[in-house]
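What follows is a single structure, written as structure tokens, with notes after it.
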Amino acid sequence: MELWYTEEQTDSVRFSIKVDKPLYTGKSEFQRIDVFHSKEFGNFFTLDGLIMVTEKDEFIYHDMIVHVPMATNLKIKNVLVIGAGDGGTVRELTRYDSIENIDMVEIDKMVVDVCREYFPQTTCKLDDPRVHLYFEDGLRFIRSKENIYDLIIVDSTDPFGPGEGLFTKEFYGNCYKALKEDGILVNQHESPYYEEYAKSMQKAHKRIKELFPVCRVYQAHIPSYPSGHWLFGFASKTYDPLTDIDEQAWNSLGIKTKYYNTDIHKGSFALPNYVIDILANEGD
Amino acid sequence: MELWYTEEQTDSVRFSIKVDKPLYTGKSEFQRIDVFHSKEFGNFFTLDGLIMVTEKDEFIYHDMIVHVPMATNLKIKNVLVIGAGDGGTVRELTRYDSIENIDMVEIDKMVVDVCREYFPQTTCKLDDPRVHLYFEDGLRFIRSKENIYDLIIVDSTDPFGPGEGLFTKEFYGNCYKALKEDGILVNQHESPYYEEYAKSMQKAHKRIKELFPVCRVYQAHIPSYPSGHWLFGFASKTYDPLTDIDEQAWNSLGIKTKYYNTDIHKGSFALPNYVIDILANEGD
Amino acid sequence: MELWYTEEQTDSVRFSIKVDKPLYTGKSEFQRIDVFHSKEFGNFFTLDGLIMVTEKDEFIYHDMIVHVPMATNLKIKNVLVIGAGDGGTVRELTRYDSIENIDMVEIDKMVVDVCREYFPQTTCKLDDPRVHLYFEDGLRFIRSKENIYDLIIVDSTDPFGPGEGLFTKEFYGNCYKALKEDGILVNQHESPYYEEYAKSMQKAHKRIKELFPVCRVYQAHIPSYPSGHWLFGFASKTYDPLTDIDEQAWNSLGIKTKYYNTDIHKGSFALPNYVIDILANEGD
Amino acid sequence: MELWYTEEQTDSVRFSIKVDKPLYTGKSEFQRIDVFHSKEFGNFFTLDGLIMVTEKDEFIYHDMIVHVPMATNLKIKNVLVIGAGDGGTVRELTRYDSIENIDMVEIDKMVVDVCREYFPQTTCKLDDPRVHLYFEDGLRFIRSKENIYDLIIVDSTDPFGPGEGLFTKEFYGNCYKALKEDGILVNQHESPYYEEYAKSMQKAHKRIKELFPVCRVYQAHIPSYPSGHWLFGFASKTYDPLTDIDEQAWNSLGIKTKYYNTDIHKGSFALPNYVIDILANEGD
């Protein structure tokens, strides 16, 4: 059966995955959701035609969005996760016994429902007693929150469609307000390689930098995302991920990971010159 | 004009680039050579249908294969480059005034000829007086060499077709012999993500580790290569790239690079756990 | 959503349809069944990855496989249909009040079940009281039949997989036996344009010609099949489709068709020289 | 080498040919010209990305555009060919000793130059002494001609780009004027299957019908064109292709053809009902 999913990463670049079996197609109030099975990536799902999660490499993304802030501050107790309907971010967070509460705010309940059916690998901890699910708009949810979270993780789609508001100055300002005085904000930060993504990255960085005293970007190899070169933003009111990481403490927790380790933690903040240049440049 | 170059990275993964204009097609004694122009990647060329060099991101590969060993030992004077017909590795080497001699051994003269025509960006230093071109088999060339090179760079194709011999134990042994007592061997080391590539990586590492006291692997983001997660091998008789790097000295040279910097140098040796595991595993 | 169904019509020819929505995927005892929706072709289904029926152009195939033999002999009363799980052939047959009985023998019940759900357009007459469905192997079904059918229509898949036996000499011999003395055999007859299909066409013709006094081939434009140039075989014990057609009688029936008419009937037996040559050639 | 030429026949239908070797790419004053070699189709060339001629099936198009009018009136002596830069139409015309003069008007000299290099199979008769090449706009060329041609063949591209004017009422009017009182006009007439092509077909037919007493459409199976179902227009002042064809006379000429024969001649005017309906419908 020759059925190919194709992501047009740019006008002239296509990444295609042979689909063994289409598993699900639906349209929620917010977006189109498709789930496929492929030999190379296992199950994977797309929102409005863009790959979100593949069984093969979701561990990379989830390791890097969770363990980098956690290893920087092991005293984190109260976490807000925005987006992340696949559950993978929550799964990694629940591995820390020290965390007492996880609020997860996903605008699209159908994403969670579909993932529960096709991605037990990522949704397996959504019913952990510390996890509270809110199916509403993250932008609105956060407006009323003040000085309560140790960590906010923005695990959003690209800044097109439903995820757009999660890249605005207003939203980042509300994150700042919702965080405690030593709070940390981590967000998926797009990619530096293809122009359209690089512009999103540049804008997001500029906006966060205006608000947070510490504002850094780190990278990972995520082959199923455009260019495979993916970035995360680390912003905080006090903590610095390079100087405040307590390697020994984190390693003594015995958390087994397939991507993250404390060397990668430090190495991932070393960016190529061309990425540093784009981030330094103020953009339009 | 809808003309697409497609690389079948695995049986079920295709990476496709829209071709604006086919520039050259030829068949040498060793392999098929094609050059295309695309909007996203500029000119790019393929050997036996696999992407070797694109104008857009060749700087990443060439920065990482050259500046990592050079920053580790700035006293390198005599260099052997095997493969590298596009000239990019030599171009980066010639930026070091301290280098006195570069022997470049490329089995396929047609690759150099074609690149001279379509890739002035990479071939521009092939006529530097310190560069000596040998169009012959690297395996044979190196057999008679003993204790003369400070650095050998193996800038080969994948271990299929003409590049196969450059992944054998015999070849690595001859590299060891051709290197001085403080010599360094750097080679392109395939990728850990897709199985077939990971096996090549594993085998190459195993063979080099048996010969060289220092044997490390470092990584870079090269989006035009399969998975975008590409590795290099660093082997040496004495030098350690993490402890022997002289950051200040390298930075004082004022070499402008678009990817490499001394932070990336150190960060690139921090590998994901899953890559460490494959490398530690002895393979078949 | 960029999801493309691709049929590799030959090693170097691909026909691809953008899929709006995958509707069904299943595996029966005999073959893989997929149903897709596309903007251009409406719903279409594939067996083992090959297009069988599209809502857009099924009328062409079904018009030509049914009305050509019917217009040649309007006294046909008892019909055997082999294959044709989509129901389109039966639908056209039921438009003739003169037909008293239709035995339809489809090896794969799942094809009929799936088509009933997704192709009401073709299955709408499967419950006509004159229609008797047998879910068994057409080869076996026909062995015990002798001198009872006026018309046998072999509406099979390609001669690979489940449909293979329907292209054998033994099968055609049993068809001959099952037909009355003035019986007609019509079968889908592959295509003359791409080599692999042309060989199947050639073999089928050779075998039928050895058994039936009248043996002709006629053609239609079916764009969703490889090359768009599709053939049907007309074999009979006495009737000649060009001389025995009663145009006036057929036209007076008032059957509205979108492809077939009595001019097309006659014109469709005029084959290109290159097709005549392949058919005349004895093959291997 | 995975290089695929793709023609987007509609927004959701792609026809792709594996390219063994790109042979030529150029841009004339009028259009982009590409020549490729493929295993299935041999050499083929495209204008502005659309397939014009393939070595494998050009004989079908050229047989049908030439022998249908010629067999209808074997006394044709003076012929005007518009377009047809590949030379195939002229090649077929030169097989008639009775033809005394062929004016061929091709707007784009580069098409002829490129075809002379890569398509000796079609250009082989361009230097016949009866052939006169004019590299100019067919629209302008014909304006000054009156009552001189027995046959005009419009072998144009689609009605987009340079070929657009060859589908206008003004142009058809000038053809009428340039033809003798028993003159014949044949033109490539697009395809009925995909909507955009069907509209062009409908418009062309409507315009010609207003001018010529005899106005018919005939079809052929050309698999390398969109849908494989291709049409030609036959218009004339007196001759009818179905009643005036002199089969015996044509057959006695002994012209060997791979597609055309006098049965196909007659059969090709028998159109499917859905095509008749579109042609009868006045359109916009």
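Every chain is named by a letter (A, B, C and D) in the order it is written, and numbering of its residues begins at 1.
The working rule: a residue touches a chain if its C-beta (ideal position, glycine included) is under 8 Å from a C-beta of that chain, and two chains touch if they have at least 3 such contacts.
Remember, predicted model here, so these are calculated numbers, not experimental data.
Engineer: Applying the touch definition from the top, give me the chains sitting in contact with each of chain C and chain D.
Structural biologist: Touching chain C and chain D alike: no chains returned.
Engineer: Quick check for the class: compute each chain's Cα centroid; which one is farthest from the centroid of chain B?
Structural biologist: Max centre-to-centre separation from chain B belongs to C.
Engineer: Whole-Å distance, chain A centre to chain C centre, using C-alpha means?
Structural biologist: Their C-alpha centroids are separated by 53 Å.
Engineer: Compute the distance, rounded to whole Å, between the mean C-alpha positions of chain A and chain D.
Structural biologist: Roughly 57 Å, centre to centre.
Engineer: Would you give the residues of chain B that are in contact with at least 2 other chains, written as numbers and ranges?
Structural biologist: If we look for residues of chain B contacting two or more partner chains, we find 4.
Engineer: Determine the shape of the graph in which chains are vertices and touching pairs are edges (line, ring, star, complete, other).
Structural biologist: ring
Engineer: Pull out all the chain pairs that touch, please.
Structural biologist: Here the touching chain pairs work out to A-B, A-C, B-D, C-D.
Engineer: Can you check the complex and tell me which residues of chain C touch chain D?
Structural biologist: Counting only chain C, the residues touching chain D are 4, 10-18, 38-40, 57, 60, 193-194, 219, 221, 223, 227-229, 257-261, 263-274, 276.
Engineer: For the complex, give me every residue of chain D touching chain B.
Structural biologist: Listed in rising order, the residues are 1-8, 14, 19, 21-22, 25, 32, 34, 46, 48-49.
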